[in-house]
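Read through the structures below before going on.
Both complexes shown next keep subunit A, but they swap its partner, so subunit B is in the first and subunit C is in the second.
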Partner chain A sequence: MLKGRLKININVMYVIPAALIILFVMIYPLIYTFVLSFYKNDLFGSSMEFIKFEQYKKLFSDPVFILSIKNTFLWTIGCVSFQFLLGFLAAGVLNQEFIKYKMLIRILIMLPWVLPSVIGVNIWKWSYHSDFGIINGFLKFTGIVNDDIQWLTSGSTAMTAAIIVNVWKMFPFVMLMMEAALQSVPRNLKDAAKVDGCNDVSAFFKVTVPYISATSLTVLLLLTIWTFNAFTFIYVLTEGGPVHRTEILPMFIYKSSFRNYDFGKASAAGVVLFSITTIFSIFYFKFFFKEEKV
Partner chain B sequence: MDNKYLIRESIYKKIFSYAFLILLILFAVFPCVWMVLTSIKPAGEIFTSPPRLLTENPTFANYIKVIFHSNIPRAFLNSVLVTVITTILTLIVSILAGFGLARSKFKSLRILSVGILFSQLLPSIVIVLPLYMVFSSLGLLDTYASLIIANLSIVIPMGVFMLKSYFKNVPVELEESAKIDGCTGLKALFIIVMPVAIPGVIAVSIYAFLNTWQQFLYALNFTHSSDVKTLPIALLEFRQQFKVDWGSMMSASVVISFPVLMVFFLCNKYFVKGVADGSVKG
Partner chain C sequence: MKRMKMASSVLTLMLVFCIILSACGQKENKENGVDDSPKQTQDDGNAENTAENNTKAETVTIKSWDSSWKEKITPDLVDEFEQENSGIKLDVQYFPWNGMHDKYLVALKSNSGPDVINIAVDWTTPFAAMNKLVILDDFIKADNMDLSDFYAGPLETATYNGKICALPYRSETMGLFYNKSIFEEANLPDRAPETWEELIEFSQAATKDDIYGFGLVGNETNNLTARLFILVYSNNGKILSDDRKKCLLNEPEAIEAVQLYVDLYRKYKVVPKSVLENGGKANRNLFANEKVAMYLSGNYDIDPIYSDNPDILMGTAMVPEWKTRRTILAGWNVAITNTSEDKQASWKWIKFLASTEISPRYSATFPSRKSASKHEKYNDPELKPFLDALEYAYPLPQIGQMSQIKEIVYNHTLYALIGEKTVQEAMDEAVQKIDELLQ
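Up next, the complex of A and B:
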């Protein structure tokens, strides 16, 4: 009995360093943000005036903030749906038996995911260059367009351009995960479905989907959370421009705090971002732990 | 349904599949190729319209500029230091925590593990401002310490989870038989359990390395002097107010990517498995 309790205590002690670091670097700053969002913003001054929900009222009447929320949803939906679609298609095609050199193909396709984000995004920025970029060069060479497209400086294309970069970066991750999931589908089940007269499409929905739905949901949730919080892409490509057209929430928070030094506003926006992320995270956990129990 | 029809269908299927994969590979790899091609172009050829794919006079001038006349070498050193220290600390902390969590049947540790996992999903941008203030009041701004501490918060949660799943696969009997031989606690962990979990340790090291090496947001805000700046931030120095030195930027990018790609090609197996285990299976 005593020995059992001692063992538990030792296990707890092993976890303490990790718990302390997370407490100091994540939990404490979070609480700090939360508190700040209820105070007037002159932090380095002496007065800390409690202003209740003023900061939030100000925030929600700021048209740039409202726009940034809209942009964030547009950005997230655009990125996640194409990341998943492309990654899933890639996994499905690659998982066919007759494909040769699978390992080589996999390694090549994974390059964007492995390359450091800043570098990947900078290459795209260079490729999007309206006068000397390879993308306009290619489009004009093939006769698809005649005039240079102002990819990153025109309001109508900037968001699309940014989404393409994020899709390029993350679809390999989806491919990797979905390929593993597809491999878990028993071969003989698929064959049995065919013998029973199912065509490819109905066999897919009846046999494959139940096996991959859990992984799909996890991957979708992870992608959503990551995309929602992504900063590097927009910062390097457009810094939120032109005229806030690509300003997503993380960019808005960054500008409010480190450009305009409006810490109260930044914190309130941070709380909003945190709350949205938390909602998605809860779904993720429900799933994560259900899986683990099995 | 005659045989001919089936064969023809399967040939179409093959053609479409390979065509799709080739397009996908082009989409994935071309930007990397373009980076290399731009980096060896002479300055005059980079800004030509329409852009030329290949240059007739490849040059290392951009590389010489990056290696001898920029902050990149110093930033490389900074990045190596920050990455190595972060990785070592991550390993120590997550080996202990992963082991503790894997071996404990305690309910409250389950809650703790949710907390650890949750912190992996937290938006860094929300943490940056308060951390900035904490570091500023501790006098830690613009030091390696600020970067290392902040980086730990990103890699430790994942590290704990990846190792936890590895330790769970190590049979408890192994430890119990060690205990009979008088080998207990930490000693048992490092002598008996660790060797079995080596693939997990490698996976976590790679994960920590890759994430720290490319960490951008914290580095951008916590450091500004060239003595501390890491590579992702030093890279932006090639952006001036009105023009960007794309040639140098691309060659610096090649230099920065090199260690990452080496690790990826050499340890591909561990890398892929580690990430997959950590984020889906727990």
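Up next, the complex of A and C:
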């Protein structure tokens, strides 16, 4: 028995380097953040002070934090639903037989996805500029509006403007994945459904949807997690402004630590962000991927 | 089940590991906090001896962090320094402005910084409050350095708890830029406005079509607060009480100043609509492209404006007067970090950079020494108002929490700028938050 235990499975050795790296660059910071969130730790204290749940109490009574949670949900739901819809529609159109030059169209649509985020977002930032932006220029030229719109700096449009940029950036990914999924649906099954009396719409729901549901769910999960943690877009476009209107959780965490030097508070907010994503993923896997397992 | 047990035991191990590590971190911090200054005096003597030995035996390498806009200036200075000090080699690294502060903060916090660090005046006190900068008093005494040659303002920025912890080499303050062509077209006199009232008047006259009278800053914490505080001080207002326990930004003088700042945009409408997108650089671009007639900035903007638009006809002046004339002092200091291995060699390097001969060359603007202001570099008439204004320039209150205070003031000024709150409401809230911070 003892001998059996001591024998090291050679396969384990292959995984150890990767496991160690993950342990130190992912698990360790994760746990350390968790630990930090129970300490008072700002710039000026020479030592860290253990304060139990004080940091969390402070956090949840901070209106800016509550607003940032609301913003995060608004941002995630807005982004993911439009990313998915637009990507799916584009994939559906591209999957039609009568479309020519598919490769060229695909490459053109993929451009936002391959462009580095910071560059893409900066182009948008200039386009949105209230005085000299191309968007206001176009709207005024065509007579749609008479007055300049302050896209990024008015509370009512800033979030929408940011969501548009994220959707523009990410929908090609959805398109790519969904097009591949759509192509995997066997033609003969669709034909058979039609022979059995389905029209185009019911054939879509009865044949195509079950085929692509697994891909859709994976894509949705990925999009949700990416969007939840998206930092570049908001950071470059508005830095969370005007006055916290677009401040999503990652931005709040950044500001807490690097602007206000409150590392304890930032860690606590980080733990909250981590918990929300984790809970979400667990629910998602439990409810949606059940059928897959069976 | 077995796997679960494994996982949980690994997690527990990691947790324990973390706690131990964080406890170690604390101990280290405490050591630094308590021991730094007394230890230093002993260190000093030792360091001198070892430095002497070193020159004969081996060379020391000093790691120095500099800003990316110095990449053309510093190498020459390094050569000169290394020729004078044969035992010392320099390893200079350059960092761009974006992210510079965050990088320095993280490096200092984790005790992995360089030997010498080039920092903005506003970072000096926070870094010193973290006990990350070496106190220089003993070096200064040993070398008989004459501190009275430094302007009082810059020296104040380098002082924390009565001790000098950095050497100032660059000092500057803001002035007013105005576009002569726009002024002529609007039938305005060929001079800058002298008071804030006149500035409003001139701005209104100059605002026409897509040209605006004044380039107000509505973005970037430091740039907005610097200009806002100039107004507060010019109106005899104060940011903090003398004992630094209370914020005074909701006193009538300060409110009046913030109100003027907001009114330029909301009431007089002499500011571009993109104000909330415009930081320091954006306003410079607007001015260089002749879209705004006036704006406030430092003399470092002169060259970029001419390189963007060589044909521009512009003038410079001191910041307008209100009840008094007062501006905010800004600049850069050089300091030695607490992790420096050879403090004596590091001291030689920062003393060299802040010297009368070198600091005018090293500084992108003006030097921090009176004796250096006669340098030929400063004969240009466009620079004169900026040099004159140094006399009216004072640093912000030197307290560790200044960055947070600026952030709060910035956010609440924005509330008023976008019209969500009145100036009084916004400032009352800001003061409440700042007072909490100061407790």
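Heads up, the rule we're going with is that the second predicted complex is superposed on the first by the 268 of 294 C-alpha atoms of A that agree within 3 Å, B and C clash if a C-alpha of one lies under 4 Å from a C-alpha of the other, contacts with A are read in each partner's own complex, and residues count from 1 in each chain.
Here is the rule we use: contacts are C-beta pairs under 8 Å (C-beta built on N, C-alpha and C of every residue); 3 or more make two chains touch, one makes a residue touch a chain.
It should be emphasised that the depicted structure is a prediction, and the values quoted were computed from it without experimental measurement.
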Joint occupancy of subunit A by subunit B and subunit C, clash or fit: clash
Of subunit B and subunit C, the chain that contacts the larger number of subunit A residues: B
Which of subunit B and subunit C A:15 touches, first, second, both or neither: first
Which of subunit B and subunit C A:172 touches, first, second, both or neither: first
Partner chain(s) touched by A:117 [first = subunit B, second = subunit C, both, neither]: first
Subunit B versus subunit C as contact partner of A:53, first or second or both or neither: neither
Contacts of A:205 with subunit B and subunit C, given as first, second, both or neither: neither
Partner chain(s) touched by A:260 [first = subunit B, second = subunit C, both, neither]: second
Which superposed partner A:32 touches (first subunit B, second subunit C, both, neither): both
Partner chain(s) touched by A:244 [first = subunit B, second = subunit C, both, neither]: second
Subunit B versus subunit C as contact partner of A:131, first or second or both or neither: both
Intersection of subunit A interface sets (partners subunit B, subunit C): 27-28, 32, 36, 43, 129, 131-132, 258
Complex contacts: residues of subunit C adjacent to subunit A: 11, 14-15, 17-19, 21-22, 25-26, 29-30, 32-33, 101-102, 105, 109, 126, 129-131, 210, 218-219, 221, 272-277, 291, 400-401, 403-404, 407, 411, 414-415, 418, 420
Parts of subunit A lying in touch with subunit C, wherever the complex brings them together: 23, 27-28, 31-32, 34-36, 39, 43-44, 46-48, 129-132, 148, 150, 152-155, 241-244, 255, 258-261
Contacting residues of subunit A [partner subunit B, same complex]: 8, 10-15, 17-19, 21-22, 24-30, 32-33, 36, 43, 86, 89-90, 93-94, 96, 98-99, 105, 107-112, 114-120, 122-124, 126-127, 129, 131-134, 137, 140-141, 168, 172, 176-177, 180, 215, 218-219, 222, 225, 228-229, 231-232, 235-236, 250, 253-254, 257-258, 263, 266-267, 270-271, 273-274, 277, 280-281, 284-285, 288-289, 291-292
Residues of subunit B touching subunit A in the complex: 13-14, 17-18, 20-21, 24-25, 27-29, 31-32, 34-35, 38, 46-51, 53, 92-94, 96-97, 99-101, 103-106, 109, 112, 114-119, 121-131, 133-134, 149-150, 152-153, 156-157, 160, 185, 210, 213-214, 216-217, 220-221, 232, 235-236, 244, 246, 249-250, 253, 256-257, 260-261, 264-265, 268, 272, 275-276, 279-282
